[in-house]
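The following block contains the structure, expressed as C-alpha cells.
The letters A, B, C, D and E name the chains in turn, as written, and every chain counts its residues from 1.
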Amino acid sequence: MPQFSLYEEEFHPSPWQRTWRAFRASHIAMAGAVLLAIFVIFAIFAPLLTPYGANEQNIDGLLVPPSWMGNGSISHLFGTDSLGRDLFTRVIYGCRITLGSAFITVVIAMLIGVSLGAFAGMLRGVRSSIANHFPDALMAIPTLLIAIIIVAIFGTGLVNSMWAITLALIPQFVHHTRSLVRSEMKKDYIVASKLDGANKWQLFTYSILPNMTEMLVVQGTIALSIAVIDIAALGFLNLGAQSPLPELGAILSDGLDVTYLAPWNVALPGMTIFLLVLSINVVGDGLRSALRKRVNH
Amino acid sequence: MTDVMHVKQLTFLHNEKKRWLKRPEVFKLGPIELTVKRGETVAIIGENRSGKSLLAKLLVGAVRADEGEIEINEHKYLAKYKSKDGQRKRTHDIRMILQHSSETMNPSVPVGRILDEPLRLNTQLDASERKEVIEDTLVKVGLLREHYYFYRNMLSDGQQQRIALARAIMLKPKVLVADEPFAALDPSIRSQTVNLILALQQELGLAFIFISHNLGIVRHIADKVIVMEKGQIVEEGKTETIFRWPQHTRTKKLVTAYHSLVPQQTIR
Amino acid sequence: AKQNKQPFYSTGVVYCSESNPVTFNPQLDTSSTTSDATSHQLYDRLLDFDPDSGRIVPSLASSWLVSDDGLTYAFQLRRDVEFHNTDYFTPSRNFNASDVLFSINRWRLPTHPFHNVSNGSYPYFESLGLADNIANVERVNGYRVEITLKRRDSSFLANLATDFSVILSQEYGSQLFKEGNPSQIDQLPVGTGPYKFESFRKDSYIKYLHHENYWRRDINAGVNALTENIDEGIEGNTEDNTKDNNEELGVANADTSVKQLIFDITPRSSLRLAKLMTGECDATAFPAQTELEVIRNREDLTLAEKPGLNIGFWAFNTQRAPFDNPNVRRALAIAIDKNTLLEAVYFDSASRAKSLLPAASWAYQNDADDTAYNPVLARRLLAEAGIEPGFSMTIWAMPVERAYNPNAMKMAELIQRYLREVGVEANIVTYDWKTFRRHLQEGLHDSVLIGWSADNGDPDNFYRPLLSCGAIPSGTNRAMWCDKDYDRLINEALKTEDLDKRRAIYHQVNRLMFERLPLVPIAHAYRYQAYRNEVKGMTINPFGGVRFGGVEKVL
Amino acid sequence: MIRILARYSILFVLTLLVLAVMSFSLAYLFPGDVLANLTGIVPANDEQRAALEKQFRLDRSYLVQFFYYMGDLFSGEWGYSFTSGIPLREEIGIAMPATIELATYSMLMALVIGIPLGYYAGMRCYSSSDYIINTTSITTYSFPVFWFALLLILVFSLQLDKAPLSGRISLLFDVEPVSGFILIDILLSDLENKRLAFKDAMSHLTLPTIAIGAISTASIVRITRRSVIDAKNQPYIAAAMSRGLSGGQIFFRHILRNALLPILPLMAIQITTLITNTMIVETLFSWPGIGNWLIQAIYQRDYPALRVGMLAVSSLVIMLTITVDMFNRLIDPSREKYEHAAI
Amino acid sequence: MPMLDIKNLTLEMHSSEGTIKALDKVNLSVSSGEIRALVGESGSGKSLIVAAICGALPTEWTLTADRMSWNGDNLLGMSAQQRREVMRREIAVVFQNPQASLDPSATLGEQLEESIPSEFVQGNWFWQRAQHRKKIAISTVHKVGIKHHKHYLSAYPHQIPADIGQKFMIAMALVSQPTLLIADDPTRGMEPTTKTQILKLFTRLNQTRSLSILFVSHDLLAIASMSHTMTVLYAGQTVESGRMKHIKKRPLHPYTKALLDSAPSFRKDLPPKSHLPTIAGSIPTLQHLPIGCRLGPRCPRAQRACVQTPVVRKIHDHSYSCHFPLHMEKL
C-alpha cells in the first residue's frame, strides 16, 4: 500500500506541548508564572540575594521605614523590624521557608495521597468503601483543628505544622486520585491493557499514571496555595513556625506588635503572602484552562 | 481446516455482585456452543443488546463467565476463572479489538508505548527487539515507522483502527475477535480496513470473529454467520445459507431488512 | 464608632485589661492583673495611698493611733460601710471589726478556717514575713481594732495600704463555711468596694456592677480633703470633713456615675489600643511603648504618664550550676548592652536600672555601681570559670506584657544575640503565664526575664520579695537567691526608723548586690495609662493598680 | 431513597465512632501524664494517684475506658476545662453557636452574592464584566484570611471608625443566651434598648462576616462560573437551543440545574474551609467562638478542652458535609452512574 | 426555489495554532419535499454544516456565506428571536450523539414535552394542557418505535441504552412537525431491522407530509434506498452534488466513485472475500490540509493542476468540482 507522505514532516505537538502553548497564550497566566518564578528564585537563592542575615539584628536601625518612604534608608529596601532586622531579607527568607515548606508538604501529601487513592480506586467491595469514605470524612476536618491537635501532641514548630497540613491535604489527593482512577478504570483502554495481560500494578503505572499527571499538576497548585496560606496562618497564630524563624506568617505576627509605629511590618509580609498565593492561583488557573482547552480541542 | 477454538457451555448470568438493598441487573447469556476453524471468518449479528459484545468479551476473558469452557488450540481454559498463566497463554492465542478503537488508546501514551505493552508483558524480548517488532507491525498494518512516536490525538480514526489491529496481531494470535470494527469508520477507510484484515488473515492464518450490523460486509467476508437474540444463539450457518434461507424469525427479519435496503439493481 | 454616642454607652466603662485574674482575692496573688481586677474595684483596705502624693490616707479605718514603741496600732473603723448585695450573698450587717479580724487572720493564722482555702498561699505577706511579725490582732469593740507587732516595722502601715490587704466579709465567709463551699469566697467575691462582682468569663470579660450604697460617694473629693490630716502620720479623724464634702458635691454625682464596669480581657496590646481607638474600650492597661506616640498624637485619647515603681530584670537561677558562680553571672551581665535593650524593647520610655530601686523611691542611689557592656571581659571571665564556648543555657521569657518588661520575648532574642557573641548559646523558653510561673517556682529555669512592680513605695517592698531567702518559697525570688548578709542587712533596715540611716543600709545592700549579682537590673519603666477623653476621674497610681471608683463617662 | 438515607446514616455513625476513638486516644497521645491530662490534677503521692486512677478508671482496659468515655459523652459529662474549671459542655455550648452563627452568615453571604454573580459571569463569559468579576474573585480568593481581616480592621475600624473590631456585642449589653445566636437572643430578650443592642450586634457582625464571607464568595463565584460555562458548552444546551427553546427556558430548565449540581459537592468542601477561616477570624475579632476557644485552649494546653472541642467541631463539620453530600445525592439523578460504592 | 439554500459557506476556526478553514465554500440546498443525503468521511465537516444551519456554532468562529437562506430569509442576518422561531417551528435537528444531546438532569419525558410547541397543545387549563402534552409525547414516542413509553418517559438519559436515545432524539425532532428535518447520522450503530423502521418512517413522512429531510450519514445503503439527491463532502469541500440516480450511475468525482465502490452491497459481481476497491491514504486533519483540491494527495487521477482549487462545474443539476472528472468521455 503506497504511502503518500506529503504531510508527514509536519509538526504534531505532544499533549504537554499543547498545554504549554495554550498556557502561553494567556497573558495573565504568563504574568502569574513570571511572578511565581521570581518567588521561586527568591526562595532558592535567598542567601545570595539578601544583603543581611535573616536574624541579623541591627541595633542602630530599629524600625527603619521602607526606602520609598520619606525617612527610609536605601540600605534597607523594605525597612527594618523592631529588632533592626532587615525586612527585605526576612521576607525573602520567608518566601524560602514558607514556599519551600509548602512545597515539601504538598509533595509528601501527594505521594501518600496518590498511593492511598490509587489503592482505594483499584479496590472493590467493602474495603474499597472504607478506603473511599474514610478520607472523605477526614477531608471534612478543618486544617486548623488538625494543626491544633498536632501541636497539642508534638508541640509547636514549623515541622509539626507541616505535618498537620500534610495530613489535611492528603484526603484531597486521595479523593481526586481515587475518583480519577475509578473513572479511568472504566475506560476501554484499561480493558485493552488488561487483555494484554497487565496486572493492577502495571495498569496503574503504565496506563493510569500518565493520565494522572494533569490532575496532579492542577491539584498540586491548588494544594500549594492552600499549604502556603495554612503554613502562614499557623505561623501567624503562633501554632507553627516560631518567632525568630523568618516564616511569613510569623513575621507578620511579629509585626503586629508594632503595627501603629511601623505599619510596613504588617503590610509587606502580608502583601508577600498574598502575591505568592495569587501567583500560584493564577498559574493554577491558567494551567487548568489550558488543559481544558486541550481536552476540548 | 482444523478447529482452533471450541466453546462449550459458556454461560453468563450477571456480573453484578449482589449488594445490600440493591437489585442486581439480570442478563443471562448462553449457554453457548461454538466452534471456529483455522482461518475462518465468523460474523455475529443480532439486534441491539442481544449480548454480542458480551459474548466477545467472554471469549477473550475480559469478562468472567459463570460457567463453561473454552478450548483454543488444544489448550483448555475454564471461562469461570482467570488464572495467571492461563491468562498469559490466552493473550497469545486470542486477541480482541474493542468496539471504540479510539477509546482503547491511552491518550497520554505514545503509540510505541501502547504497542510495547503486549510484548513487554508476554514475551522475553528486550527493548530494541521489541521496537523492531513494533515497527514491523506498524508497517504491516499500513502505517509508518514514525507513528511509533505519535499520540492518539494526532491520528485519524482509520489510523487508530490500524493501531488497534496492530496491537491485536502483534502476538500472532490464532483467533482475533473484533467488536464492530467497521462501524465507526467511513466508507473508504472501512474498505481499507477490510482489505487489511483479509490480507492479514491470509498471511497469518487467523481465525476472525467479528460483530457487525453491516450485513453487506458480513456477507462479503464472513464464512459463517451467527445470529443472536436475547443472549442466545438462535441460528448459525454458512453465510450464503443464512442470507438465502434464513430459518429463525429474527434472522428472517434481519435479512429482509437488509434486502429491503439493497435495491435489486446493479450498477452498469 | 458613631453609635457609641448613644447615651446608653455612657452607663458603663470598659477597661481593656491584659489578662485573666488568677483569683478574685488579691491576698492570694501578687500579679498586678489580679490586683487590678479586684483590689480597688471590689474591695477597700483599712488605709490607702493617695494617688498623687503617695502618702497613706484613711480608708475603712477613719483614723489610727501608733503607740510610742511603734508596736501597737489602733484603728478606728468607719461605720455605715455596706458590703455588696449580690445574687449569691445578701449582707445582714455593715462592715465592722470582725471583718478586719477575719481578713487579717485569714493570711496570718495557719489555724484560721479559711487559711488553707484556695491553696492557702499568700505570697505577698509571706514574702514580707508579715504574719510572723504580728503578735496579735484584737477587736477592741465593734469599730475599733488593735494590732500588736513583735518588732518595729516602719513599713507596716504601708503594707496595710497595699492592694493585697483587702477587707473581706466575715459574714459571707461564715455563710460559705456553713454551706461547705469556702473556696467560693475567692471566686465570687464580696467586698465593700465601689463595684460588685457580676460575672467572669475567662479570656473574655469580667463584669462588675455599680455598688449603689458605696460608702464613699465621691472619691476624689474625699481623698483630696483627707490629705492634709495625714501629715503627722499618727492620727487623723476626718470623718466630719468627708461628710461635708459629700454634701457639697454629692448631688451632681448621682447620675453621671457609671452603672457597669467591664474588664475586657485583651492580651494583645495592639488590639487593646485598637479597641481604645474605636471606643470599644474606655481605658487600657499597659499601652505598649511602641504605641505611646500614637496615643499622644490622637486627640480623642489621653495618655497619663508617671515614673513607675517597678523594675525589670534578668535573674539567674543561683541554685543551679554554673549560675551559682558570681563570676559567671557577672560575665553574662556584662555581655549584654543594657542601653540597647532600653531602646529596642522599651523604646526609651524607661530609665536604666542600676539597683533594684527606681528613682522615684526615696532610697534611690544615684551613684550605685552598674555593670558596663564589655564582651571581651565577659569572654575572659567565662573562660576563667571554665565555661567552654558553645555552652548553652535557657532564657525564660515571660509570655505577658508588663510595664517593667513590655516584650520579654524580644528582649530574650536580643540577649540571645549578645550571648552568642561571647560564645554562649541561649535557648528561649516560654509557656503560658500560669505554667510559666509554676515552672519558675519549681526552679526549672537557668535565667529568666521578669520584673516587679512595687505595691508600696517602701524600699523594702523591692528588696525583700525579690531576693530574700524567705521569698523563695513564695515564688517572688526568681533568682532563688539566699544570702545571709543580704537578709541581715534588709532586716536591719526595716528596724531603722531614721530614713538617712536606712538609706545608708540600702546603699550597702546595693553594693553587695553588685558584687554578687544574683540578677541584672535592666530598667525602670514609666507607668502609662491611656484612656478616652470621655472618661473623667481616672488617676494614675504609681504603685500599680487602676481604680474605677468615682470614674465618670461623659459623651 | 431510603437506601441512600440508611447508607449515609451508617456512614455518619461510623465516622463519628472513628472520631470518638481518635478523641479518646488523644488522652494517651498528649505529652505528659495521662491522669494529669485528663483531670488536671497532679497527684501528690502514689496512693492518691492510685485512687484517682481508680476513680477515672484508668486502671481498666482501654476498651472499658472507651466504653465509659462514650457513656460520658452521651450523658453530657464532657469534663471540665483546666483553666476555667467550667464544665466543657457549658463552654462549648456558648462557643459553638457563636461560630455557627458567624459561619452561617458568611455562608449565606457567599451563597446570596456568589451564586448569582457566578451565574452572571458564567453566562457572560469572556465579556468585560466577566473579566472583572473573575479577576476580583481570584484576587479575593488569594487573600490569606488573617491578613484580609487585619486589613478590614485597619481600614474600617481604625481609619474610618465604621465598625467595632471585637466581640459579638458591646459588653455593656447583657444578653441572655437562649439559642446561642446573638441576633435571635436579642430579639428574644427583654432588654430595654433592644433596637440599640441589635444595631450594636449587627455592627459587630459586619466585619468578621465580610472577612470570612468575601473569601467564600470568591470561591463560590469561581466554582459557579466554571460550572455554568461547562454546562453552557454542553451539547445538550446546543441541542436545546436548536429546538427553538427560549433563553429563559434554556437557562432555568437546563443550565441552572446542571450547573448547580456539580457545585453542591464542592460546597461540602467549602464548609471545611469556611470553618477553618471562621476559626482564624474569630481570634482576630476576639469572637467568642469555638475557634478562639480552641486556640486559647492550645495556648494553655488545656487538654480536656482540646479533646472534647476537637470532637465537637469535627462532628459538626462532618455532619454538615455528609448532609450536603446526601442532599446532593438525593437530588442528582445521574450521581448513581458514577458512584456506586458506599458503605 | 429551494427551501434551504446555502452558497459558499465558509467556516474559519481560530485557535492558538492559527486559523483553519474547516468548511471551504460549501454549497448545499434542500428543496421542498426532497430528501437530500449529505455524505462524506468522518471529519469532513458534515456535523459542522448541521450546526451552522441551526446556529449552534461557538461564537468565536467566523461563519461566512454568500447566501444562507431559509425560504428566502437570510438565516445569518436574522435576529436571535426570529431564528429561534424558525428553529422551533420549521426546522428540526437530530444531533449525532444522542446521549450527549439530552440534558442529564431531566427526564426524557420532560424534555420531550418541552419541545412541543404550545400551539399544538389543546386545553384551557394547565392540567388539561399537561395531559394533552403527555398524550402527544406518548404518541410520538410510539411512532419512532419505542414501546415501553412509561418506562422510558420517566427515565433519565443515562439510564437508557444508546439506540433508545437515538429514537428519542428523532421523536423530539418530529414532535414539532417541522418542514425540514436535519438528521445527523440517526442510524449509527442500529441493527438493520430498526434502521429500516426508521428509514421507512422518514420516507413515509416525506411522502405523506412532504417533510424535507437533510440526511447525514455514512451509510450508503441507507442513503441509496431513500434519498432523492446527494451531496458529497470531502475535507470541508463539496466535491459533488446531484440527483442520487445520476451520481450512482455515473459519479464524476473520483472520490464519489471510491465511496460508492467501497460498499460491497452495491456490487453483485464482487466475489466474496475479494479486495474492495479503495482510495489510498486517509483524510487529512484540519490542521494540515493540502492546498488546492483537498483530495489531491490521495487522488489516483491527480495531476499538477490539482494544486489549484477546482471551480464548481455544473451539468444540469449535477455539479462537481474536479479538474479531471470521470466519465466525461461519454457525455
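Just so we're on the same page, contacts are C-beta pairs under 8 Å (C-beta built on N, C-alpha and C of every residue); 3 or more make two chains touch, one makes a residue touch a chain.
Here's who's who by UniProt: A = ABC transporter permease subunit; B, E = ATP-binding cassette domain-containing protein.
Note that the structure is a prediction, hence the values are computed from the model and not measured.
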Quick note, more Cb pairs in contact for A-D or C-D? It is A-D
Of the other chains, whose C-alpha centre is the longest way from the centre of chain B?
C
Between chain B and chain E, centroid-to-centroid distance (C-alpha), Å:
30
How many Å are there between the centre of chain C and the centre of chain E, using C-alpha atoms for each centre?
94
So what's the Cα centroid distance for chain A and chain C, whole Å?
50
Distance-wise, how many Å sit between the C-alpha centres of chain B and chain C, to the nearest whole number?
94
Sites on chain D at which at least two other chains make contact:
299, 301
Pull out every residue in chain B that's touching 2 or more other chains.
154, 192
Two or more other chains touching the same residue: where does that happen in chain C?
none
Help me check something: in the complex, which residues belonging to chain B touch chain E?
41, 45-49, 154, 156-159, 180, 183-192, 194-195, 198-199, 213, 215-217, 219-221, 239, 253-254, 257-258, 260-263, 266-267
Which bits of chain E are touching chain B when the two form their complex?
40-43, 161-163, 188-196, 199, 218, 220-222, 224-225, 248-249, 255, 258-270, 272-273, 275-280, 282-283, 285
Can you tell me which positions in chain D touch chain C when the two form their complex?
81, 83-84, 86, 153, 157-158, 161-167, 170-172, 174, 193, 196, 199-200, 203, 286, 288, 292-293, 296, 299-301
Considering the complex alone, what residue numbers of chain D touch chain A?
11, 14-15, 18, 26, 29-31, 135, 138-139, 141-147, 150-151, 154, 233, 268-269, 271-273, 275-276, 279-280, 283, 291, 294-295, 298-299, 301, 303, 306, 310, 313-314, 317-318, 320-322, 325, 338, 341-343
As the complex stands, chain D meets chain E at residues 234-236, 238-246, 249, 253-254, 257-258, 261, 332-334, 337
